[in-house]
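The two complexes that follow have chain A in common; it is paired with chain B in the first and with chain C in the second.
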Partner chain A sequence: MNIVEKILARGAGKSSVAPDDVVFAKVDKVMMHDVSGPGVIKVFDKLKKQGISVDKLWDSSKVWVAEDHFVPSAEKVSAENIVKLSKFTKQYGIEKHFKYGMGQYGICHTISHEEAMVMPGDIYVGGDSHTNTTGALGAFACGLGHTDIAYVLLNGQIWFKVPETYYFKLNGKLPDHVMAKDLILKIVGDIGTDGGAYQTMQFGGSGVDEMSVESRLTLCNMTTEAGAKNGIVEPDQKVVDYLTQRGATNFNLIKGDEDAEYAKVFEYESSEMEPTVAKPFSPENTCVVREASSVELDKSYIGSCTGAKYEDLEAAARILKGRKVKIRTEILPAAISIYQRAMENGLLKIFLDAGVTVGPPTCGACCGAHMGVLAKDEVCISTTNRNFPGRMGHVESQTYLASPLVAAASAVTGKITDPRDL
Partner chain B sequence: MKGNIIKYARDNIDTDVIIPGTYLKIHDYTELATHAMEGLDPDFHSKVKEGDFILSGKNFGCGSSREHAPIALSHSGIKAVLALSFARIFYRNAVDGAFLLPIEIEQDAYDGISENDEIEIDVSKNEITNITKNQTYKMKPFSEIIGKIIAAGGLFKYKPDQD
Partner chain C sequence: MDSFKKITSIVTPLDKVNVDTDQIVPKQFLKLVQKSGFGKFLFFNWRYDEQENKKSDFVLNNPKYENSQILVAGDNFGCGSSREHAVWALLDYGFVVIIAPSFADIFFSNCFKNGVLPIILDQKIVEKLLQETGMIEVDLKNQIIKTSSSKMSFEIDSYQKKILLEGLDDIAITFEYENKILDFEKQSKIPSVL
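And then the complex of A and B:
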């Protein structure tokens, strides 16, 4: 069995599973946020009316809650959703509720790794499609809707069809001017937005061994854009060290068998990768940055679970140090812990000296919610994950998806720019 | 089940156009429905009728896990979406929440069915009849688990232990 089959077999209490088997698997961790949480609460209200008991969760210690999409609240509906979430977590005794304005908080997927909320070998489900991100820690991490999350909260298990696995073998170290974001954009461009539909996308090879945990998180994050059920990397010492630094103990490292089967194997020479962008209006609409270098921009956005981890901010700072931005540029660290390190290590000063506005952690404009959404005809380069029509604001705005290096280099010139050409 | 078709002859209709992100804070489903398909078809809300079906291409519902997407369509009156294929979370949300039927069709149905055609879906026979054009097409059968959850009326009514 491969790693996903082993994790799902363990969760289902079976000695083995195979692709297409349907299993009810026990869940180890579950997450909801200020968009899926109010949906869950609504499902609970409906169940109550049907006479189904919602007095107790299956295990409130395995539940955690993030406030990320609509914080800080821009208007009263969002504010009321935050109040609803607080009432819910108090009522059910959920202690791991990361509240904005009260120390550590941030985008749910970022909190999942920054706070070691998910461990290798876990079955982890979240009420958000980019839950796939956390598979980089060696967990089966999969996004669900709020009805399914409500079901997990009450029953501690959920059904899965065991996916087939596409194995992406990445050879060699990425060049200095290329990030994991470029690589995953290239892969999504090659296989398309349904190229991994219903599948696991597993990453391995020397290219992955060389990568930081944060880079692996970027790879797994955008498996969602290829339609995958989950993304995963087999856990190694880097993952153990990363999580240990964040307070984790007791590791159960599950890895695939030597003779594990994969539905397809794709091979990429990481060392030959080029800076890449996805043009409007799809993450699969990719080209190398130098082919898009005539595009004039209005804005650069460095934020989101995909592109505002600490290493993403460090990459942006390498470019912005001693330079000034030519277009509106916003940097929103994805969690307070990252914000704090950026302050301690002088990144915030570099950003502010360059003329950038640094905002609080939030999903914000990535999903067109608030805090910097785009006007009609505005063109933005963004470290986020989607660029469908209207994704970041007006339906006739345009978003180019790129790495933090490319977004920062483009902020300096006002045009889409390969960091090597700066 | 009978209904009339609203056809979007394209692939990859994503959840950002089915219900734009700015409305995700809304959990009043009647209000949510007024914004359904706003990112692609601003006339959708005025033309959709109770019992209509949507017909579209590959990878319908790709993008976010927002259950708002099947909810906004279902509360607009849509009873089924017929598509060449579906993105997984949209499909699962539609079934587990019992909002609408996701019907996987073949190319002949996609090509043969036009806007406003009256269609009858017979899940027991895996058959779609185009009443307007007097044609029939096969639908892909539901997998066993999906069929059972649909028959039960959603995941909360499905009892896995009784299998």
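And then the complex of A and C:
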């Protein structure tokens, strides 16, 4: 069995499972945020009306809650949702509620790794499509709708069809000017936005071994853009060290068998990769950065679960150090812990000296919520994960998806720029 | 949930692939959580211009399709964000059947939680349905679609068919078996989560 089959077999209490088996599996962790949470509350209200008891969750210690999409509260409706969420977590005794303005908080997927909320081998579900991100820790991590999250909160289990696995073998260390973001954009461009539909996308090979945990998180994050059920990397010592630094103990490192089977194997020479962008209006609409270098920009946005981890900010700082931005540029660290390290290590000074606006952790303009959304005809380069029409603001604005290095280099020139051409 | 009846309706052709949930319900409406009333936000940016006037070239604004209950679209319908609001909007607008050659996973699953029937049909058949101007009938019980000139069957998981036909939902069904679940948990060798 491969790693996903082993994790699902464990959760289902079976000795083995195979692709297309439907299993009822115990869930280890469940997450909801300020958009899916109020949706779940609505489902609970409906159940109450049907006379079903929703007085108790299956295990409130396994549930955690993030505030990220519309925080700090964008206007009165989102403020009310935050109040609703706080009442809910208090009522059900959910202690792990990361509230803005009260220490650590941030984008749910970022909190999942920054706070070691999810462990290797876990079955982890979240009320958000980018829950796939956390598969980089060696967990089976996938997104669910509100009703399914409500179901898990009450029952602690849910059914899965065991996915087939596409294995992406990445050969060689990425060059200095290339990031995991470039690689995953290239892959989504190659296989298309439904190229991984209901598949596991597993990443391995020397390119992944060489990669930091945060780079692996970027890879798994955008498996969602290929329609994958989940993304995953087999856990190694780097994952153990990363989570240990964040307070985790007791690891159960599940890995695939030597003779594990994969539905398809794709090979990439990661050492020969080029900086890549996805042009409007689809993440699959990719080309190398140098082919798009004539595009004039209005904005650069460095934020989101995809592109505002510490490593992403560090990459941006490498470019911005001693330089000035030519277009509006925003950097929103994805969690308070990242914000703090950026301050301690001098990154914030580099950003502010360059003219950047540094914002609070939030999904913000990535989903067009607030904090720098785009006007009609504005063109933005962004470290986020989606560029559908209207995703970041006006339906006639344009977003190019890119790595933090490219977004920072482009901020300096005002045009889409390969970091080597600065 | 209402139980699923036989549907007879003209089809609304939405000849686009990769229709994502940002287009189905744009982000500004996600803050709202009431399940009803989302129909007015459906395909908001395609239906309305900046002054919120109807765009005459968008299919939903063609009076011909006003009472249509069946939407036909291209590959990978419902991709993108997991927002269940997308299904709420389609249902509230009046669509109870969505036909496409393929669907995004979370969207597909969300349909069954809300009494919407997603049907996967071969690309060529979908292309024909996009041109269909007459009434068609979707009979879930017998898994048959009838058009004026043809008749075709479609596949659906038997459990998902049952919950739609009987108007059940997963949580209510599970609680019908509460005693059996507790018995199983007592005998189970896997560490219990209950």
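Here is the rule we use: the second predicted complex is superposed on the first by the 422 of 422 C-alpha atoms of A that agree within 3 Å, B and C clash if a C-alpha of one lies under 4 Å from a C-alpha of the other, contacts with A are read in each partner's own complex, and residues count from 1 in each chain.
The working rule: contacts are C-beta pairs under 8 Å (C-beta built on N, C-alpha and C of every residue); 3 or more make two chains touch, one makes a residue touch a chain.
Fair warning: this is a prediction, and the values are worked out from it, not measured in the lab.
Superposition model on chain A: chain B and chain C are shown in a clashing arrangement. After overlaying the two complexes on the shared chain, residue contacts for A:F24 are found with chain B alone; chain C is out of touch. When the two complexes are overlaid on their common chain A, residue A:V35 makes contact with chain B and with chain C alike. Of the two partner chains placed by the overlay, chain B and chain C both lie in contact with A:S78. In the overlay built on the shared chain, the residue A:G143 is in contact with chain B and with chain C.
Using the contact criterion defined above for the overlaid structures, shared-chain residue A:S282 touches chain B and also reaches chain C. By the document's definition of touching, of the two partners only chain C reaches A:G156; chain B does not. Residue contacts after overlaying the shared chain place A:G127 against chain B and chain C alike. Note: residues 35-36, 38-39, 42, 47, 52, 69-70, 77-78, 81, 127-129, 143-148, 151, 193-194, 197-198, 227, 229, 282, 367-369, 386, 388-391, 395 of chain A belong to the chain B contact set and to the chain C contact set alike, using the contact criterion stated above. Touching chain B in their complex are the following residues of chain A: 22, 24, 34-36, 38-39, 42, 47, 52, 69-70, 77-78, 81, 127-129, 131, 143-148, 151, 159, 161, 193-194, 197-198, 227, 229, 282, 367-370, 373, 386, 388-391, 395.
Touching chain C in their complex are the following residues of chain A: 13, 26, 35-36, 38-39, 41-43, 47, 50, 52, 58-59, 69-70, 77-78, 81, 127-129, 143-148, 150-151, 154-157, 193-194, 197-198, 227, 229, 282, 367-369, 376, 386, 388-391, 395. On the chain B side of its complex with chain A, the touching residues are 12, 14, 16-17, 20-22, 24-27, 39-40, 58-59, 62-68, 85, 87-89, 92-93, 96-97, 143-145, 154-156, 160.
Contact residues on chain C toward chain A in their complex (touch as defined above): 18, 20, 22-23, 26-28, 30-35, 45, 50, 75-76, 79-85, 87, 102, 104-106, 109-110, 113-114, 169-172, 174-175, 188-190, 193-194.
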